[in-house]
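Should a chain be cited, it is by its letter among A, B and C, assigned in written order, with residues numbered from 1 in that chain.
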Amino acid sequence: MRGSVGRSRPISLFAALALCLAGAAAQATPPPARVASINLCTDQLAMMLAAPGQLISVSMLVRDTRLSPLAQNARAYPVNHGQAEELFLMAPDLVLAGRYGAQATVDMLRRLGIAVVQVAPARSFDDIRANIRTVGTALGRKAEAEAMIARFDADLAALARDPATGPRAAVYAAGGYTSGRGTLIQDILSAAGLRNATAEAGRKGGGRVPLELLVTIAPDLVIRAQRYGGASRAENMLDHPALAALMADQPVHPRSDGTYICGTPLVLRAVAELADAARALEAR
Amino acid sequence: MTGLTLSNLSVYRGPCPVVEDISLNLHPGECVGLIGPNGAGKTTLMRAALGLLPHKGTSSLARLSTAERGRAAAWLPQMREIAWPVSVETLVGLGRTPHLGPGQRPGPRDAAAIAAALARMDLTDFAARRATALSGGEQARVLIARALAQEAPMLLADEPIAGLDPAHQITTMRLFADLAAEGRLVLAALHDLGLAARFCTRLILMQRGRLVADGPPAEVLTPDNLARVFGLRAYMADTPDGPVFQPLEVV
Amino acid sequence: MRYSLLLWLLSLLVVVLFCAALLIGPAGLSPGESVSALLTGRGDAAVLVMREIRLPRAILAVLVGASLGLSGAALQGYLRNPLAEPGLIGVSGSAALGAVIALQTGLAAAYTLALPGAALLGALVAVGLLLGLAGPRGGAFTLILAGIALSALAGAATTLVLNLSPNPYAAADIVFWMMGSLADRSFTHVWLALPFTLAGWLLLAGLGRGLDALTLGEDAAEALGIRLTRLRLALVVGVAACVGAGVAVAGAIGFVGLIVPHLLRPLVGARPARLLLASALGGAALLLASDIAVRLILPERDLKLGVLTALLGAPLFLHLIYKTRREQGA
């Protein structure tokens, strides 16, 4: 740097930059031209909301068909591995990140002078609306965000069923994880006309439920998580004979997939599938 | 199976012979002292004779099956090992191992043998004591009692009196002589030539793996052999108390 | 006859704990409901809980616990070293590596017996290597050092294999393989482990007289008519079979084989032969008790069994090292 002080070009560049910034402050903030996302859920919202060419990178996870309903679309974007160094080299104006899990990376990016917007995981349909707004605002795509929310609400209204007397359902994922009250799953089940059996048994948030407790709760519908390749003991539990016996007279065996994970309008696909399951159960 | 016959017994460590071409006939009633300087091959000879080491040539003991050998010969290794704090009675009872069939529990005969062995070693009062809590000398006696309980016609012992006090050294050698007098065969590796001369009926002298001399003590412990094999000059005399042997000087 | 009294008491303890393991659980069934569900098959959910969840879990606790106790006693007897224990000397860790390789290569899915078989193979390599390294007398420090190296290697390789797995949950399984758990194991696992476990027990149960004789050292034992080569082979295969089968279904649970023989040794007059059966019963009791404890303390957190046994066993292990050092006068 010091060697270039005497030359005129860098100085004029700085001047231009200063002018730009002053101008931007005077008008509205211009939308960020280069946006990178490092979180599975912000990836999906950004892909749905960004202007063409605005999103320059998404996280590696979003290409995984088991985690993301947008895996195919994600192939159009270069992927990142959520590491500060590679992100810095991409020279983004804005990085979208989750609220939890990548704090070290986020701190490092901010220290490097890159703007970061963190989005909390959605715990309800209201959170979905809020997150769409947050990402839309960050991308400078407020109008698109409002339109997306309106469409989401309309679709939801068309699908939604009354859960008050519906069948009792429980999600059961690898390692015995379930979702109780105050989770996105709770809202998905309700919208599909299902009662959340583990929430009714007093579960708050996500957490492990011992298999024998699940068997005692005896839900009408157990929604198991989709299997991954390879083997793990955590998933091995989904094959327990007691669980198989519990599910023996279920007419349908839905599996939770990527649409259950992130708060995007795509949760409505899960709602639709579960609404069908609820109807099948009620028809018994 | 009456005595111990070794023919052309050799043991090699790599290409080097540790015991070389030894032939011997030992008979019941003999108390045999195996003598020689450190590294002469005494331990190796006894272990090969028992069949505990790969060897060339033959040994009448090594040819027996493991179980038969256990009934034919008792072996007291130089290392006095008592790994667990078992009672003296239990430890001595291990001597009955070769007499028990698979799954067979010790019977009255075994109990009698154990009691006799304890009594003979003056250990009856120690029967319930933990063997590991005893002094070194007491442990040595317990291990000899174990060998006695085995009731084998042969006893092979590797430096059985090393580390014992003089009284117990003499008691032990007297015991060996008595066992021989009862018709058993005793073969003991010894460093104390004086006790060997007094109590053994026969001495076998080894040097660098070879048999140098074999015969009654007076014929083996000659000034020539002593000088050649041990590098020693000694005083030896027949007294009314039996033979007396005292090493005097290194030559 | 004090030994038979001890065996009766230990058996009684196992039975009581087994019943307790069947009656205690997060489902909160009353004892009456539990027993009637188990015996008569009445009450849908209760029957599932009792017959498919609690019963196999309790049976596995007995199988695995007894295997660990028995193997600990047998290894200690052979090496004449109270510090020898399948977990500490890396046998369990190597068995876990074998199991993980079988699972991640898909072998376990293709052949039912590949899982316990691979775990057995892992354990076999470890026991063989250890006996080779530590030598016949199993000097304490050689044994412990060899065990540390083997445990570290097996642990690292297990972690590597699980990290390379395409399954995102596989990495979380590392804790299971290193610490062990009986949570939500089913009869599938019981049948998988049972044949190898029984074969291992049978081999180890026959070692009593030889181990007793080894109290006098290898040479004396052999001269007493013990065939050491055969004993060594039976020990290696027996330990590998029952520890391998246990690890394949329950992960590596440490310290059981250390705690149990240590506590029972004075009660059997320190005789290695008597310690075998007593330690098998004691190991079953300890693992049943630990498994009840993890369910009572943190029922929803899947607290690993090995955590509890290590909390009990590690201080004891340190005490044993101290005692060994003092006895050696170092």
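Just so it is clear, contacts are C-beta pairs under 8 Å (C-beta built on N, C-alpha and C of every residue); 3 or more make two chains touch, one makes a residue touch a chain.
Bear in mind the structure is a predicted one, so any value in this text is a computation, not a measurement.
Engineer: Determine the set of chains touching subunit A that also touch subunit C.
Structural biologist: For subunit A paired with subunit C, there are no chains in contact with each.
Engineer: Which chain's mean C-alpha position is nearest the mean C-alpha position of the whole protein set?
Structural biologist: C
Engineer: How many angstrom lie between the CA centroids of subunit B and subunit C, rounded to a whole number?
Structural biologist: Chain centres of subunit B and subunit C, defined by C-alpha means, are spaced 43 Å apart.
Engineer: Hey, how far is the Cα centre of subunit A from the one of subunit B, in Å?
Structural biologist: 83
Engineer: Which subunit C residues reach two or more other chains?
Structural biologist: none
Engineer: Which of the residues in subunit B come into contact with subunit C in the complex?
Structural biologist: Against subunit C, the touching part of subunit B is residues 47, 50, 52, 66-67, 69-71, 73-77, 79, 81-87, 90-91, 94-95, 97-98, 100, 130, 143, 146, 150.
Engineer: Give every residue of subunit C touching subunit A within the complex, in rising order.
Structural biologist: The touching residues are 25-29, 44-46, 48-49, 52-54, 103-104, 106, 108-109, 165-170, 172-173, 176, 183-184, 186-188, 299-302.
Engineer: Can you check the complex and tell me which residues of subunit C touch subunit B?
Structural biologist: The contact residues of subunit C facing subunit B are 80, 209, 212-217, 219-220, 222-227, 265, 269-272.
Engineer: Could you list, by residue number, the parts of subunit A that touch subunit C in their complex?
Structural biologist: Answer in residue numbers: 174-176, 207-213, 215-216, 218, 228-235, 237, 240-242, 245-246.
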